[in-house]
Amino acid sequence: MTASAHVTAGALAPRESRLVPRLLIGLALLLTAVFVVVPMVYIFHRAFAAGWSVFAANIAEPGTLHAIWLTALVAVITVPVNVGFGIAAAWALARFRFPGRKALLVLIEIPFSISPIIAGICYLLLYGRQGLLGPWLLAHDVQILFALPGIVLVTMFVTSPFVVREVLPLMEAQGSEQEQAAVTLGASGWQIFRRVTLPNIRWALLYGAVLCGARAVGEFGGVSVVSGSIRGQTNTLPLQIDLLFNDLNIVGAFAAASTLTLIALVVLVLKAVMESRRG
Amino acid sequence: MKTSLIAAVLSVGLAFPSFAQDKILNVSYDVARELFEQINPAFAAKWKADTGRDVTIDQSHGGSSKQARSILEGLPADVVTFNQVTDIDVLAKGGLLDADWRAAFPNEASPYYSLPAFLVRKDNPKGIKDWDDLVRDDVKSVFPNPKTSGNARYTYLAAYAFALEKYSGDQSQAQDFVKKLFANVPVFDTGGRAATTTFAEKEIGDVLITFEAETGGIAKQYADKGFVRVTPSLSVLAEFPVAVVEANAKKAGSEEVSKAYLGFLYSPEGQKILAENFYRVNDEAVKAEFAAGFPDVKLVTVEDVFGGWDKVTAEHFAEGGILDKLFVNQ
Amino acid sequence: MTASPPPASPLRAKRVLPGFGLTMGVTLTYVGVIVLLPVVALVLKGAEIGPARFFAILSAPRTLAALQLTLLAAFMATVFNAAYGLLMAWVLVRYDFPGKRILDALMDIPFALPTAVAGLALSALFAGNGWYGALLEPMGFKVVFTIWGVAVAMSFTSIPFVVRAVQPVLEDLDPQYEQAAITLGAHPFTVFRRVIFPAILPAYMVGITLSFARSLGEFGAVVFIAGNLPMKTEIASLLAVIRLEEYDYNGAAAIAMTLLVIALLLLAVSNLAQARALRYKGKTA
């Protein structure tokens, strides 16, 4: 990308004073520092304000440890399911034309545009004891809300579009010629997918999975409605931050926040690596 | 270190105890966090001594009306420890426990009590002594949203009761008083603890109005900030009712341990922990021991001044009630 | 992501490639159970309320104030992001300077960082005793517990939308028109206004719409910093939660429905804008 930038920048250079680019770059750096970098630095600053040992003690606190564990568990369940769904949806939508395709596309995108808190309320109205399925669930002794299933379901709702929206445009752009050739050569569906499609989409798939995972780890609004925030039971890491903050354990809250910030930074590095792989 | 951390993560998450164990979920109000952190191990030790069985007590804290709603929606609480009878009545109406739950434990199922009191900044720069001072133009008060917090409803009622006495029972003057108090609140959090954070951490407002127990705990925790506790001349008796959520406890087979757990709050040991956490108790010996920490205050009850919770709910807290008039149209 | 031009010969593809039944079945089942069913539960609850009651809830002063605040703060956040995002896209595409790749990567922080973490950090920074608040409040500018705080949280969480929408279009822009304009003696700003801006406008609009939609829906970051003052700094989604906590299910459902409809409208607008953007660009951003 820098190559093309050189060309155009060079073209503009003779007329443009050096002042304008410097000003714009300066402004961009300043605003990014103020709005993006400092908040992140601040989290670590507060997390380590009382020293390493306090930080370690806060992380090792059973409630926080369990929140880390639960959050990881939710992500480990959610991401593969959404990867499977993403592949299926992208295959159906990119390779076939059928009535209602546009509607399905919109439906898939809904979770991305509605507030997670609304998603939480939807789930409450569906699975709550007074909700649509509540009486049936109660009669069959199935606990969905205020337990792992509810947290996982809401997280799935919120993160469901991430893989599709990475894979679908790529599959459409690539077209289906290779796959059709494989069919002509007598390959089975599974073979086509593994040998032809998957190698083409793997980076987009991974990228979507990483974004999905990042979001699953960080989901707050939707999960807060259905969690019941039982300490050491149904508190995910973002909820634990809120809980610790309200426990007046501010250092603990920032310590928990710093683990999530660290995850975010890892995600960024992974993303950069994948983008360069994807070309 | 690293491996032990991983092992700890796994053990917390994975290892379900291989032997039979009692387990209860106590769903509680927002500012009871520290209290039950001390009550629970004490009870667990006693339960072990009495029965030889281990017990795990899980906690969930939040605004008590919100908590009650979650239980109605299926939060599997075995016991509730709330700060208002109405929130347990709601559960009774939802069929989760008996309508006469107040008969199940001594003292109308209320093992301890407290009252709305004040916490002000170091050296009390605004000279806040009583409810009168809170309606001054230069005083900013912090307390939570009375729509979601039982704590704040007591504050509302206490201010109202104070004004009724001050204006010899004149309702419209009392309402103006409360309205003025509400107008001086810069922020309404949903739970009592969030209001405390606003006052103590974010340093907003001149006075925090919350349970006396919370003012004591916070003054102690933030000793370096030098907060001063102020007890107003008049306040409302805030009961802390408890109940076993029978429908859930029956299903989980935890009725016996649930009853014992709530009973423990009445025991001398439980009452002492309560008093140490700045709650007022009825046990005579404990009361005498901690008398110095609890200044005399004229306490009125919801029954005396407002004719009981049903009436107060209908007149004040229901949609379109007096609270709505004073609260929203500021 | 949607609506790229269809493959060259869709009908043949349909006949040739296997797996339609399986993938379609999986997709419909998953979308049905995870997305559609809960939304239907909300719509049914909303329908139960009845139009008169629904309207009464929505026209209550507090609901109106919450909706107004949400829209206004989202608008403020979007205005900031429109300017900041365009600046960032321009700087990242057109100039070379040390640290540029890091700056580029930093643009994704707001998506990678959980919103509750962002809310915690921003509210502590802007509080009267925080790094920013200590600077701003003596100047009489209060952010925490005001609409500005709401807008700050909203804009933080939606920073990447405009940047990431405009960046690829700007990169692919054919330089020959600019060069022609410059050769003809046009001022660089005129070139930007007359040549570059029209070309990036559709993508820019997509970014702005997405940014606005995300701002409207943001919850985690906002609740930490807003202060929840009814009629003043209470956002609509929080009011829905508060109604829920007050056992007012109808109120919660009505407000949630309204937000759902607004989100769907914005989704439609962004799809339209995206369709227009595609005329300028072969693939989606």
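As written, the chain order gives the labels A, B and C, with residue 1 at the start of each chain.
FYI, a residue touches a chain if its C-beta (ideal position, glycine included) is under 8 Å from a C-beta of that chain, and two chains touch if they have at least 3 such contacts.
The structure presented is a predicted model; accordingly, all values stated were derived computationally and were not measured.
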Most widely separated chain from chain A, with each centre as the mean of CA atoms: B
Of B-C and A-C, whichever chain pair has more C-beta contact pairs: A-C
Rounded Å distance between chain A and chain B, as computed from the means of their C-alpha atoms: 37
Chain centre separation in whole Å, for chain C relative to chain B (CA means): 39
Cα-centroid distance, chain A relative to chain C, in whole angstrom: 15
Junction residues of chain A - those touching two or more other chains: 124, 130-131, 245
For chain C, residues that touch 2 or more chains besides their own: 244
Overlap residues in chain B, where contacts from two or more other chains coincide: 201
Chain B partner contacts - residues on chain A that touch it in the complex: 60, 62, 65-66, 68-70, 73, 124, 127-131, 134, 137-138, 141, 143-146, 228-233, 243, 245-248, 250
Chain B residues within the chain A interface of the complex: 5, 8-10, 12-13, 25, 30, 33, 58-62, 70, 72-76, 191, 193-194, 196-197, 200-201, 218, 221, 251
Chain B to chain C touching residues, read off their complex: 63, 65-66, 69, 90, 145, 147-148, 186-190, 198, 201-204, 319, 327-330
Chain C - residues contacting chain B, complex: 61-62, 123, 127-129, 144-145, 227-231, 233, 242, 244-248
Chain C contact footprint on chain A (complex, rising order): 1-2, 4-9, 11-12, 15-16, 20-21, 24-25, 27-29, 31-32, 35-40, 42-43, 46, 84-85, 87-89, 91-98, 102, 104-111, 113-119, 121-126, 130-132, 153, 156-157, 160-161, 164-166, 168-169, 172-173, 175-176, 179-180, 183-184, 188-189, 192-193, 211, 214-215, 217-221, 225, 237-239, 241-242, 245, 253-254, 257, 260-261, 263-265, 267-269, 271-272
